[in-house]
Amino acid sequence: MRRNTHCAVVMPKEQSKCAVIGASGYAGEELVRLLLAHPIAELVAVTSRQSAGKRLDQVFPRFAHHNKGDLLFSDADSKKISQTANVVFLALPHGVSADLAESFLDLDARVIDLSADFRLRSSKVYEEFYGTKHAAPDLLKRAVYGLPEQYGDDIAEADLVACPGCYPTSILIPLLPLLKEELIAADDITITSLSGVSGAGRKVEADYLFAECNESARPYGVPKHRHLSEIEQELNRIAKSLPVSIQFVPHLIPMNRGIISTMFLRPGPDVDESEVEAVYRDAYSSEPFVRLLGDERLPDTKNVVGTNFIDISWRLDPRTGRLIVMSAIDNLIKGTSGQAIQCLNLMCGYPETAGLL
Amino acid sequence: MRRNTHCAVVMPKEQSKCAVIGASGYAGEELVRLLLAHPIAELVAVTSRQSAGKRLDQVFPRFAHHNKGDLLFSDADSKKISQTANVVFLALPHGVSADLAESFLDLDARVIDLSADFRLRSSKVYEEFYGTKHAAPDLLKRAVYGLPEQYGDDIAEADLVACPGCYPTSILIPLLPLLKEELIAADDITITSLSGVSGAGRKVEADYLFAECNESARPYGVPKHRHLSEIEQELNRIAKSLPVSIQFVPHLIPMNRGIISTMFLRPGPDVDESEVEAVYRDAYSSEPFVRLLGDERLPDTKNVVGTNFIDISWRLDPRTGRLIVMSAIDNLIKGTSGQAIQCLNLMCGYPETAGLL
Amino acid sequence: MRRNTHCAVVMPKEQSKCAVIGASGYAGEELVRLLLAHPIAELVAVTSRQSAGKRLDQVFPRFAHHNKGDLLFSDADSKKISQTANVVFLALPHGVSADLAESFLDLDARVIDLSADFRLRSSKVYEEFYGTKHAAPDLLKRAVYGLPEQYGDDIAEADLVACPGCYPTSILIPLLPLLKEELIAADDITITSLSGVSGAGRKVEADYLFAECNESARPYGVPKHRHLSEIEQELNRIAKSLPVSIQFVPHLIPMNRGIISTMFLRPGPDVDESEVEAVYRDAYSSEPFVRLLGDERLPDTKNVVGTNFIDISWRLDPRTGRLIVMSAIDNLIKGTSGQAIQCLNLMCGYPETAGLL
Amino acid sequence: MRRNTHCAVVMPKEQSKCAVIGASGYAGEELVRLLLAHPIAELVAVTSRQSAGKRLDQVFPRFAHHNKGDLLFSDADSKKISQTANVVFLALPHGVSADLAESFLDLDARVIDLSADFRLRSSKVYEEFYGTKHAAPDLLKRAVYGLPEQYGDDIAEADLVACPGCYPTSILIPLLPLLKEELIAADDITITSLSGVSGAGRKVEADYLFAECNESARPYGVPKHRHLSEIEQELNRIAKSLPVSIQFVPHLIPMNRGIISTMFLRPGPDVDESEVEAVYRDAYSSEPFVRLLGDERLPDTKNVVGTNFIDISWRLDPRTGRLIVMSAIDNLIKGTSGQAIQCLNLMCGYPETAGLL
């Protein structure tokens, strides 16, 4: 799908000094973990309103052994931070990121935003789905959608990357090649997703207490989940025919991490499983983090949790003529922070898999 | 949907003496629990090949306090058992039930079968989906499908009841009224279900070990799960137009009990949510175990686990025009053993809710 | 241990009309569930600051089918409530109960308190362990400690019952007979307990979020957990020799319900397992909710969850000479709300097991 | 505790070519994972009776992306394997390892055994605890107990290393320095451990099915767990005074991985927390995988799962005079396979942390 994925030797353009803004949530914690283990990039700053003044190892005891364990959480002061950091990860709620992103960009830092603030190209759609005016609508065109399997070349040149949501990642990677090659109808796509509870973030709300989630499974966000907006936007950019229309229902299930997305598609009249396989092989055989499962097995979150992989499987149902495509990712890695590191690698000219295998 | 559901005083036709054949699995254990607590019916025998000779409280320590705790597991000798029991529950794997059922019927016992052996009306379809010849094809016509919300009157007269599978129960109760009243298209039904691990039974296989299921979510049985056969059979009996065609993908998720089924339907042109509600109220307002959730909330397994209820919710998606119907049950109670007790109550003229509230 | 446990026919002194104050926590929810199913007592009022004005079935959808489902949550106005209720359950945080209890007693209601406020007989010890002055120290002497296996006769006469904590219940029932009969040393008792997360209550704190508790096990409250105060108080009342001293470490583990307590004891020189068994049989063979497991098996929370039973097992270790006693309860039933219902039954002259089997 | 732990540059004595015998269990899978990611060692062979002939990625889909994914499982033929491998990991049940170990040693391979077969120095104690004669008693003296924090120098020279059990690792590392420095009594040690279910291995038995373990906590192996034998052996080698006597009760709890051990100790008369801390700092400040938690926090399995660390915390209880020491490890990493890799690193002269951080 793009050039230069696997070039053996790459000259890093720069040694990136990274800051994680909003590092006390699950996505922030995972970013910190990945940056601490990254062979080239360096973590230089972490911020969090509620943890300011605390050491990294106090907030996250799992990092106690690391020589960065005594890094202090600070406030998100963009001037101070950009004195030491040249790449800034924003792991903040939507609505808060936009302002800060602008400020960091003005200070010549490159910004990788994990929130929803720069995923949509239209501030009107943003307002419809998120219920507030966009704080920096002029930046929307400048942002690149951080899906390396689709926009790798653009990400390499970007200074503002909007990392996709976890559900969209699990859905777009399987659907984009099928729509691009017109193997499936664009107006008849039904998707259910199952997500582990960390997908809700470290929100201190009764709904996410252990005893409310354990031994519980429930649909939510019916019928109009926010992630629909970016899924449809991205599919519409690729699909050649009709406006894409998606039916999407997410479910919360009792596990920490992982997303399964099961997609019901209407294939063109002569499409068979081997053609689906050919399209997938063509699109993804050189992608380092896409695994095509073929006939042998179906995806299982336990095979991807802790990794940056997406596992994809498909079956044509001879009874109904439908194509069923299933994917599995770790929502906090390929769905969020791992993908952000993958974008960092592309932006900085590092090997795309650096720190991710 | 039928008469006499709530008649205040009913004369029991008989005091039923119940045997549970195959009582060492999860469905059998749950049947035993419900029978031990039943105000009228009495448990008189339990059988299990691997537990023969053991006391009930040795196999299930949770029943240690009960005065039936010292009931001995025996072999499934139909002659001996029918000397003390007049109602026999078969909680056996498919293929094994058919023979035994015939033998018990010949001995004038009434039979409530929890396996798949008598759910299908056609031995040919049985052979297609279960891969073996049916052992007692002549009995198929005699069997009544044990869904009280649909066949209550027939169950009351039956001597052979075939309890529906857990997935079918979670799907048929919501779909039947919509198809009967022609609110939805019969040929465009897409369903995903999520099931707790007890749904696989007490099978000692590596796939169901704790560390293989915990922190794991996975689709399975794609594209042709066995339960499809009985779902389509039952829907086709009710639907007036086209042959019903269903797309169905079940998922295994890390919890003990509970099923969520999420159904994507194509409603007729003028159908709105209030019409859906009216049809449901008409069908189920007098059903003691169907709860219609209305606008307020979506189903959550934790609200039905431990009970014989099915919770049903629906939303019309104005973007896509689809109707989304969601249901939740406890797979071992409303999905299996509770439903079997509900059938027992109908067969014996007990209050339908006896031992189930 | 006391008379009249199993008297077949008992004349209820009164039809109790029950109010649950603080009904929106886990203990309150469980009380509501048990009262809705109680054959004699009637639930007439529920209160909760944050849920005032909502219907019972809105706060707890699992009760949607019940004809009490539309009971409205109100504020805890003792005057209004005592117009309809003659028994009041206080399921409130410690420190809040004391005041209200006094007010209800003055209005001639009988009070069953689930908090820690009336468990200690000394306001000084209360202050030491709970860090605040006691609000109604004069009532401490009037309160009866609500452990039916020890104080059944007193509870029957009481108008203020202080239900034991969940850890103390799991520890006192096994230890009291051994200390009373001087089978073990009073000054060498080491206990570890494992508790499911509902033991922390419905506290909306980050520590109890699903993703913080799932796949996590941790000791806490080391070295001085609050429950120590009531455990030592109760043991000291019974032990004949030395002041009792206990080493106690609780652990939080990833399950909803259940407590395992493992106790390491130093038996007298000639004590053997059969003597332990004899003492237990003597103390508890007529207790309806104590199950002595004997040699056959060790306790497992899954055998008691959902019930009011305590399972007790013991082993003498010939290598070390220690006696190991292990118990299992459901922390929300025998550990809290079920025990409160057991107390209600005794106070009102109902069969002790009413609504609990 | 030993020299050369952190020497900056080490010349590898050899590039190790590693075989994993019995690679289809949880310990084997984890070893494979660690070896695939190891910067120096190379995985060259995997064996498994039941998986022979299958590819690595068929048995473990999570390794599908790796270029070793198509390594074929073979039988454990020591001649063939020692043609390509010079280090052999035995991840087999006890009783099976001893024979194979001898065969590999004769073929000049170095052996790292994860079973119990070479942990005990006495074949008599082995027979007492494991119930069978030892198959290669002459090798017992040759084996080095693979606890790097205690026997690092010996491991570096060994050709047969017996990796400690998971419980012993979690107990010995905290206890050894305290006994060595005579801070605690040797004859009054009480320990409870909590273990995730993977600790039982990938045993296909009903006891370890998901629905039997989830929502269940239970003690087991009371009073004489096999691991006691090696714990007491190792403590006795270090303790200067009395024979060490230990009271040990393990519990199975519903999580995949992790062990918490809580130890109750009787300190000498003047021992205070700072002396404990000093002893621990002296023993472990240069150990790369021991983290001393100090006053700030107690151990939690979630901080060590996925790592080779052991977290240790301690509190002196002023009420009882007891010292409470608590530890947390990942049973499959520091408790088994990670520790085996740590031994490999020492044996081969690699940096001790290679492939483990």
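Which chain is which? They are A, B, C and D, in the order written, and residues in each are numbered from 1.
Methods note: contacts are C-beta pairs under 8 Å (C-beta built on N, C-alpha and C of every residue); 3 or more make two chains touch, one makes a residue touch a chain.
All figures in this text were calculated on a predicted structure; none of them were measured in a lab.
Considering every other chain in turn, the ones in contact with both subunit A and subunit B prove to be C, D. Across the two interfaces under comparison, A-D and C-D, the one joined by more C-beta contacts turns out to be C-D.
Here the CA centre of subunit A is 47 Å from the CA centre of subunit C.
Averaged C-alpha coordinates put the centre of subunit A at 37 Å from the centre of subunit D.
Note on chain placement: the centre of subunit C and the centre of subunit D lie 40 Å apart, centres being C-alpha means. Within subunit A, the positions touching two or more other chains are listed as 196, 212, 214-215, 254-256, 300, 302. Those residues of subunit A that touch subunit B in the shared complex are 190, 192, 194, 196, 212, 214-220, 222-224, 245-247, 249, 251, 253-258, 260, 262, 264, 298-302, 305, 315-320, 322, 324, 326, 328. For subunit B in complex with subunit D, the residues that touch the partner chain are 26, 196-198, 202-206, 208-215, 254-256.
Against subunit A, in their complex, subunit D makes its touches with residues 37, 58, 61-62, 64-65, 215, 288-289, 291, 293, 296-297, 300, 302-304, 306-307, 309, 311, 357.
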